[in-house]
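Below are two complexes that have subunit A in common, paired first with subunit B and then with subunit C.
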Partner chain A sequence: MSTIAPQFRLSRFIASLFDIIFWVLLIFSLVGLPIVFIILFYIKMPIVNHQLLTPYLAMTWMADPSRTLPIIKTLLHTTFFHVVAFPGFGFAALLAAATIFVERKFLAKIQLRVGPLYCGKIEGILQLMGDGLKLISKEIIIPAKADKPIFWVGPLLFVGTAGAFVSLIPVAPGWVVANPNVGLLAVFATIGFFPIISVLSAWAANNKWTFIGGLRALHQMIAFEIPLILSLLSIVIMTGTLNLSQIVESQQHYWWIVFAPVSAIVFFICIIAELERVPFDLPEAESEIVAGWLTEFSGMMYGLIQLGTYLKLYAFAGLFTVLFLGGWNGPMVWPAFPADIVTQGITIGPITAKIAGLPLFDQDMLNGTLWFVIKTVGVILLILLPRGVFPRIRIDMLLHTGWYKLIGLSFINIFIALGLLYAGVLGPGGLIQ
Partner chain B sequence: MTTPLPPGIQLEKVDDRIMTLNVGPQHPGSGHMRLIIKVDGDYIVSCDPDPGYVHRGEEKMAEYRNYIQNIPHLERPVIHDSSNILYPYCLAVEELLGIEVPERAKYIRVIAAELNRCIYTLYWLAIYGIFLGHSTMFMWPAGDRELFIDLLEAMSGARVTHAYLVPGGVRNDLPANFEERCLRQVDYFEKRLKEYQAIFYKNPILISRTEGTGILSRTDAIRLGTTGSVLRASGVNYDIRKKEPYDVYENMDFETVVMKEGDSYARSYIPYLEMFESCRIIRDAIRKMPKSGSVRTKLKPNPKGGNDEVYKRVESGRGELGYYIVSNNRPEPYRVKISVGSFRNLICMPYLLKGELLGNMPSVYWGLNYWPVEADR
Partner chain C sequence: MVDTVFLALSVLTIGSAIVALEIRSLIYGSIALMITLSGIAGFFLLLDAPFVAMFQLSVYVGSIAVLILFTVMLVRRELIFNKIEDKRRRYAGIGLMLALMLGIGMIIIGSGMKSMETNSPTVDYKKIGADFLTYYSPALIVMALILASSVVGALTLARREDITNDQRAD
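Presenting the complex of A and B:
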């Protein structure tokens, strides 16, 4: 090999951390603080508790945990935070990005490469951010004969639909953006949008390759949506509910993959097909149809499609975890929050500080999130890794797989589920209440 | 359209169901050429290969340079098979000028040619892998190819365009310890080749995708004039190294790989199996090679050929490769005609692709062992 990878050195990593801290402090003190004071100078400050709220006072309040923590705690339970940060978009994007980094390095190891290396101080950890930055800064080129409104709206719709899908996935007890009683039906409805978006944007681009790619995407997604829905029917029969949170709660003793292994396999294959991943990456088959329905997207439009794909990837992996792998259920491994901190406060040397508003998160939520993350990351890696060992499948084989084999297989577990229900293994008085 | 068409140009009438696709020259799956493909749904109705985008006039250029100056530019059409494309030129010029090649040089030429065949086939295999969407099969051969490139770099000093074979022998002797190093790398490479089989050739998706597609029967293969791996995949036992041995190939211990199926899978499998035979030849040549001696017959400056013509051919990575050289008592050749395997194999492409699915296009196209730059010369 002619490429020589520099070894990871802890000393260099620590040195780089100090480097970063130094620059952050410098920029904050030289630029950040003056800007804050300039702004505060022009704003008429209120009088709170008979004293003028000077910037200095505001800063002491910001540094006072007993004042800031309750504010943060209320913020954590707002819908805005749910949508933007934790169970919603930010969490999903972060998880997907981290998994994609791991996948890149892992795939590189399979293929005798080193993978991303230079972007970021350690092992190219900032490569994905660099890719995103590149896509944002690139020019967006619209084909002259494209149907412009639909062409523009395609990527946005794609991200929007993927975001709607993400919002349905429960991460920890009570931590879900949207929790409708017909959660699973809502999932099906959301998935049903994707082929429409593909075909619309493919048609709007007015290009032969996008047209063929869009039609392929349509064929593929419809062929695999039916076994996908059928394979989840057994879960609904066994749990008797469509609410995803209740499905997770029903798996406290046994995961549904124990009773519905065939469903799990069928669902997993359908996930790969719906995500257009290898070996089912026909709609983007490079050597045949350039980039399929993504051919004409450039710059951030392509970036939005990629973002949507990653969100979709996370959502499907999360759905697999929720339905088959017990969601947030798992042994309690997260240490409990020491109760005496709340009653007696934290003692650091001579200072004892009593902080109201602790703990920020309860133990169940942290433990649930931990297990959910572990399981979902595992599923995402399983979805991504066929890329290292499989070539692309052909369209006739794909349709044959979808319409004949998977639909037949998905019926098997429905009968198994019905049998379990009537034999009394499930339901009242059975193994699982 | 009411405006009259210019004379000699007529509008093509096509069915409404038929869509014409221009695969290339700007297409990730075309190479330096264009395929005009007409599809009905997902089925290919007709295919019209349109090579010529990288025509460089190698044959005309050869008429203005003398026999030695011709060496570097004649290897340009296939830079990663440069020893094999120079081989027939050297053989032909030696016959024209009446030069005897030293015994050791003949063996070194065979080693260089087989190493270069491995380099070419690995490159071809890498592209075959990525054409079928198998990214690991792109990276592995591209990485293992470096071993042979390093070997040829040690032999000739250049990594890709070696210009190692010259009329009268080879340019320079082997470096010290070359035999040991070469044998060690060949041993390692054979181990790697078995791993290729595990990940690629035994892959059920690959087998179901390529088996039974683009079938070329034995009679069609002969009738259409295909050569090389395409011909041998259709069950014809034909290899210039066996039929018309040049240099020391008659002393070498190897076999011609023949398969009967004539489908895409056989066409992709034959070059792979031939790499094992190349390893055998390299081992054998190193064993039988004289350990010392001259490697190059000195030529007169600016040698002149007589009033003569000569045709020499070798088995290259892509099939039969021949040079037809006419000389007329001048230091430059009067005419050089290069007959390449790529172009002959391209001829059967419209027949193979007719009625196939569009998804079979990459495997059939690249299975023909076609190198666009060589075909255009």
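Presenting the complex of A and C:
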């Protein structure tokens, strides 16, 4: 008698198999076939490999991997995939989630603690999943005297604005969701929405802590937005374009941080202040005003705000990489795909899969993504580092830093850039091309 | 497509402008004002001027609307203005506005601008910059002087004499 399944009967097992087959057939004929016909009648399907993509053709392709590849390749270049998965939301959310976990472990190691340890046996690797499940399952509590419409919409708008910001960041050559000619201005327009959302949701919660936090957030973000914009003007002067992809392409030989180190420092400080991170975390100062403008958010509303904050962190780090650290440029380290696999398919022992055109992404894209991710993760770690080291500064010091020192400093590099341009070092026809 | 977007933007912009004027809550009024200003940015996008649209968003929504919101939140409503309820005044205002709009609309329709050109290329911001530095340079200088004088004025207002040095922030 088996100890794993003491009640085991072979007849029942076979009966359950038949049961499953029956239900699969029933559901397929009642749901699957109508869906196929709805798609056939109402949805205009794309033409893949000179053939109209009908659901029946898609099913035959499912049986043969070599026929599935064109569908997948077409899917990879649709706007839907760009927005949902790779350069857009999915990629950014993955990096953001990794950032949350790495931040906790990293700060713990700095301060000689252990950090998350128990979830998932190995160094608490499942802590994030546990936190997410907790946030989803918690009740959403709305304060009785809150302004409900604004309070509900606030977290959604925050995530939406952060997603709009993420969509402007080019990851690899040609891999960007939105590539407007005025990309940098679009970034400025997008980050202008964050203080509005924070102060409105802070006001809507009808709580003195949230309101103080919201006003602090407004003060801080507006004070640091001006040096942020001014510090990027030197890059625009040197490249002569506002398109982020073109700014990356202009850094093939040297990074702009070489010519604009002051701008890079000013921009980095402004990033930390815009993200409300230590030492500029006054809007969320937990030892003074509970959690600042996030105090009244509970459950998944708080989760959405956290998601938006970390998406914003990724987007700012990516923007720093794009503007100062050369974006996707770097030496080619990704190995070339063997030519015989591309044409012949893979042969492993007795199994031979003849799949032509296998590499879904070309070498440039993979190499570019690798370098972009390495640089961005480095910048993210630099942004996280002050949290383990510095105390919070006073609000008057913060405003003084923003309005006096950083604005003054950001002008220095504008003049350096103009000097380089007029001396004929940079720009069209300059010494360095 | 363009006509649909234009109509939707018009409804959004004018509707939220009316809401901004008529609603009792000042916060909602300022939110409606933000939607109006964003709608105008949408019109600029339709007119193939993304440069102006982005500046509309970052200056009007990102700064001026925030300033209005800030004022509304921090100052008590009775201190800003007291509302005079007057039906006749409102109807006179609506009538005046309708007459003005009709007049401008007749002029525009009469001038032959009846449809939108959608295939024209995007306005190049480099050309705007070049124009500003050559043909429109007097206007640029005047604008720079106005901005400089306003900055000096703000600094003068911020430098209060009645605060002694140990009370000062830093």
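Assume the second predicted complex is superposed on the first by the 362 of 433 C-alpha atoms of A that agree within 3 Å, B and C clash if a C-alpha of one lies under 4 Å from a C-alpha of the other, contacts with A are read in each partner's own complex, and residues count from 1 in each chain.
What we mean here is this: a residue touches a chain if its C-beta (ideal position, glycine included) is under 8 Å from a C-beta of that chain, and two chains touch if they have at least 3 such contacts.
Values in this document were obtained by computation on a predicted structure and should not be read as measured data.
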Please work out whether A:Pro180 is in contact with subunit B alone, subunit C alone, both, or neither, and reply first, second, both or neither.
second
Does the superposition put A:Met397 against subunit B (first), subunit C (second), both, or neither?
both
One more residue to check, A:Val278. First (subunit B), second (subunit C), both or neither?
first
Return first, second, both or neither, reflecting whether A:Glu286 touches subunit B, subunit C, both chains, or no partner chain.
first
Once the shared chain is lined up, is A:Ile20 touching subunit B (first), subunit C (second), both, or neither of them?
neither
Give one of first, second, both or neither to describe whether A:Gln111 is in contact with subunit B, with subunit C, with both, or with none.
first
Take the contacts of subunit A with subunit B and those with subunit C, and give the residues found in both.
396-397
Contact set on subunit C toward subunit A in their complex
27, 31, 34, 50-51, 54-55, 57-58, 61-63, 65-66, 69-70, 73-74, 122, 125-126, 169-170
Touching residues of subunit A toward subunit B in the complex: what are they?
1-2, 107, 110-113, 208, 212, 278-279, 281-282, 285-290, 387-397
Please give the residue numbers of subunit A that touch subunit C in the complex, ascending.
147, 150, 180-182, 185-186, 188-189, 191-193, 195-196, 199-200, 203, 215, 218, 222, 225, 240, 242, 396-397, 399-400
Quick check on the complex: what are the subunit B residues that touch subunit A?
19, 21, 27-29, 42, 129-140, 143, 146, 199-200, 203, 205-206, 208-209, 357-362
